[in-house]
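Naming follows writing order (A, B, C and D), and every chain is counted from residue 1.
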Amino acid sequence: MCRWLAYSGSPLLLEDLLFKPENSLVVQSKHSRLGVEAINGDGFGVGWYGAQDTPGIYHSIEPAWNDRNLRELSAHAAAGRVFAHIRDTTGSPVQQTNCHPFRHGRWLWMHNGAITDFPTVMRDLTLAVEPALFPGIEGSTDSELFFYLALTIGLEEDPPGAVARAVGLIEEAGQRHGVQHPIQMTVATTDGETTWAFRYSSVGESRSLFHSTNVSTLRAQHPDNPVLHDLSDDTRVVVSEPLGDLVGAWREVPESTCVIIRGGSEELRDFAPRAG
Amino acid sequence: MCRWLAYSGSPLLLEDLLFKPENSLVVQSKHSRLGVEAINGDGFGVGWYGAQDTPGIYHSIEPAWNDRNLRELSAHAAAGRVFAHIRDTTGSPVQQTNCHPFRHGRWLWMHNGAITDFPTVMRDLTLAVEPALFPGIEGSTDSELFFYLALTIGLEEDPPGAVARAVGLIEEAGQRHGVQHPIQMTVATTDGETTWAFRYSSVGESRSLFHSTNVSTLRAQHPDNPVLHDLSDDTRVVVSEPLGDLVGAWREVPESTCVIIRGGSEELRDFAPRAG
Amino acid sequence: MCRWLAYSGSPLLLEDLLFKPENSLVVQSKHSRLGVEAINGDGFGVGWYGAQDTPGIYHSIEPAWNDRNLRELSAHAAAGRVFAHIRDTTGSPVQQTNCHPFRHGRWLWMHNGAITDFPTVMRDLTLAVEPALFPGIEGSTDSELFFYLALTIGLEEDPPGAVARAVGLIEEAGQRHGVQHPIQMTVATTDGETTWAFRYSSVGESRSLFHSTNVSTLRAQHPDNPVLHDLSDDTRVVVSEPLGDLVGAWREVPESTCVIIRGGSEELRDFAPRAG
Amino acid sequence: MCRWLAYSGSPLLLEDLLFKPENSLVVQSKHSRLGVEAINGDGFGVGWYGAQDTPGIYHSIEPAWNDRNLRELSAHAAAGRVFAHIRDTTGSPVQQTNCHPFRHGRWLWMHNGAITDFPTVMRDLTLAVEPALFPGIEGSTDSELFFYLALTIGLEEDPPGAVARAVGLIEEAGQRHGVQHPIQMTVATTDGETTWAFRYSSVGESRSLFHSTNVSTLRAQHPDNPVLHDLSDDTRVVVSEPLGDLVGAWREVPESTCVIIRGGSEELRDFAPRAG
């Protein structure tokens, strides 16, 4: 099990997201409250959109709470769109190329959950990746392969449609090999402008997912954090688990739902896998 | 807070100690039961006496549960005397030179606990180290400095006496600087033949410490572990917390006590700091 | 470009191979004499056959000359068959899963050279791997994929034949995609009893490869190394470049040749790719 | 031997300094032209003054040429004052706390060279550090201790005077212990506004040091690097070895000299150690 966070809004220092909140992602890396496993010590990643066309990525195989470079980077890099992820591996090696978020051009992707019995379906899914995209796969996770399936199917043109068909493809591959519940997922992807987040699982009991409703709620939740008082009204956060305890500040994303964050608006749509 | 284990007895593979027991040290690195902190993910170390005069040491800054090289080494290195330690830092950097056990010639040393307000007393204690020994200090922990104080005072000739005087020196330094309870410790040291373990704290509420009484108890505790059935009767383990749940298998070491393991015998002595 | 060493003979400490010779592999990691590139700082690996059925493996992403754990392991682990490899990547990430030697059951495999334009032919070659073996691929190198192709074709039954057909398959794939000289290689593989080493390249100008002729020559080469005086007469070393300067101590393996080391005998056979 | 670079001037991306020049610091890490040793693979560090009061620091123990996070950071972080350093250790462990530049408040410090026979004089020099500063020492290098000596003596008030007295102190300690030539150094330090660089050695044959004279020269040197065309006229670089080959672009700093870079002006002063 992993934990992740997708931020969009006023530019802020990464440390204001990763270290300062009461239940920040780095705190969650040692003491997750809602996770199946309380510890997420198998790698950390953050992607941020700064001054360049493509986002920057920092991937670390040290536990997030120990990483001195992460602390330095977080104190100096500011961004208006941030993806961050802490990993708890279910088997694939702990190495930088297996850390989320994954990047392709301007796109980022991160995943909490798993493709069930991945060794069983891995080859079929690998063959389904567009040959021209294939050499871009750097690591050995189910999550990165899932990203490349979605890219193959058209993620950059129609994210909800491509994810729906990629999940359909994964479920078909699973069923072909006798896997009972082929996928468990919360996923976030962005092109740097819009964020799409998905909550779904074949078994119908998906990993937790929340979004902040509006920034005034968030401000109320962190009265002692001066940074948040400067946030613009279009600031939104989607997270595996809330960054703090304030009642009413977070809204759970329902099962089988796609959340679309664009500017200050959020749209919730039903999500269902689609046959290839 | 850290966790440690000191083994002496029949030669066995390191993995039989580090990975196979129900509550093995590697399991404790993620889910310590008795520790102040359940996670010990800030470095790992093992020292083992093999075919050479001086023990081998493996120090890692990855969490123990992720370390592929540790798993390989443990599956291939056998030893009749093993010290192993998982670290949860209270401040000093996570780096190999801060991992326990520390080594000096044939001697190993490891420590759970802390010298209170270490930055305050660090300089005084550093000055107390024998100048000829001084350049041997490689890291920045209180624990290694404690080792060098004991070496300065005569650890190699009279371990219980040297540790008592080193603790006395640490308490005097603390009192000089207004530190209330200057030291918290369980410590183990060995020359490869005898193991000395200490449980003490200035406040009188020391970290937990246990020793296995005799090997037949240990065999009963691990009925499914065939390796333990081949252990000689002089096998003994001293640990921060028991490696399993069997009632009666482990005996708690009392407060302010020194345990001496030599062959199959254990001797318990009262331990008290001694003025320098 | 990489450098490697395959040792068989009297059990010795790894350090006698890796650190002590005048031009040892660790020396070569900083100052290779014959390599295209003098530095091989992109990962290190050693595989050794100890007391277990399967060999142990140590993979490191630090430069070999800095690795304290490697030095400790080498001072304490003894083996009668050792594979060691220093890596100079041509592109794939520096991570433990990309370090040689690769292991499958009792077998080890290491490679110096490259599959030319690997991204172009990678997908075709991946599809050629036996589906049941496919999930065993952990890294992203051409060298590991080459190993899995050979395993697919029957490495464990007929090593020279399987390597010949794997090379044939790689050359066919290259030609299909317009790659001019599809492969450059020296390869070593072993089941722990026999070592097979190959020198071949499509262009006909292969990486250097040498074998020691007999142990009395090796003894003469290292008069100051007492360990070598205890070596049995069946001791043999196959290397990318000689471990020392003594004239006559090393014999170059000719182009397009397979060397088979079994006990104290070496057999040289012509090697040519075979169509799939 | 190490290599370093001190940049001040127009804000630019770190990659324009660290990766893009023909003989960039990352190139020098594998192929230094003027160094005693061509390889500097024992750690890398960069300090940069961004939006915060104190500079950011990135320290890595991987060779600079392999570090994916360094490449990402360099592509996204811009600064008008940058210190960068590649390390070739002469003995102290390769760990982040031994990487340059070292930081104290707003100050950075980096050093190429060595305190001769450091283990011999280390204790004396350690005792000379101001007790209140002492706990700030994190690593075990001669270079960081040198920094703390200078801080003790008044680096923040009078940099040339404090460095002169710190060198005096080091030479006295060396002479007391019979060390022939106690120090070899090029050093750079900055408060974020002014850079002071020093070239000195007890033996009178110091490590190389160069400064760029004016930015139009630098522009001429890198005609293909569009970034440099936007540099302001006050841009200056001080380096262990030139970043490129253009005749006339670099001026060697004479022996026993202190260079002061403030805005677009450079001042050269004689430098000599001063007795404590």
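To be clear about the criterion, contacts are C-beta pairs under 8 Å (C-beta built on N, C-alpha and C of every residue); 3 or more make two chains touch, one makes a residue touch a chain.
Computed from a prediction, not measured in an experiment: that's the story for all the values here.
Interface residue usage between chain B and chain C, two copies of one sequence, is largely shared: over half of the residue numbers at the contact are used by both copies. Between the CA-based centres of chain B and chain D the separation comes to 40 Å, rounded to the whole angstrom.
Counting partner chains per residue, chain D has residues 68, 93, 96 touching two or more of them. Taken as a graph of touching chains, this assembly is complete, with every chain in contact with every other. Within the complex, the chain B residues that touch chain A are 30, 38-39, 41-42, 61-63, 65-66, 68, 89, 93-94. In the complex of the two chains, the chain B residues touching chain C come out as 48, 50-52, 56-60, 68-69, 72-73, 75-78, 96.
Residues 93, 95-97, 118-120, 122-123, 126-127, 131, 134-135, 137-140 of chain B touch chain D in their complex.
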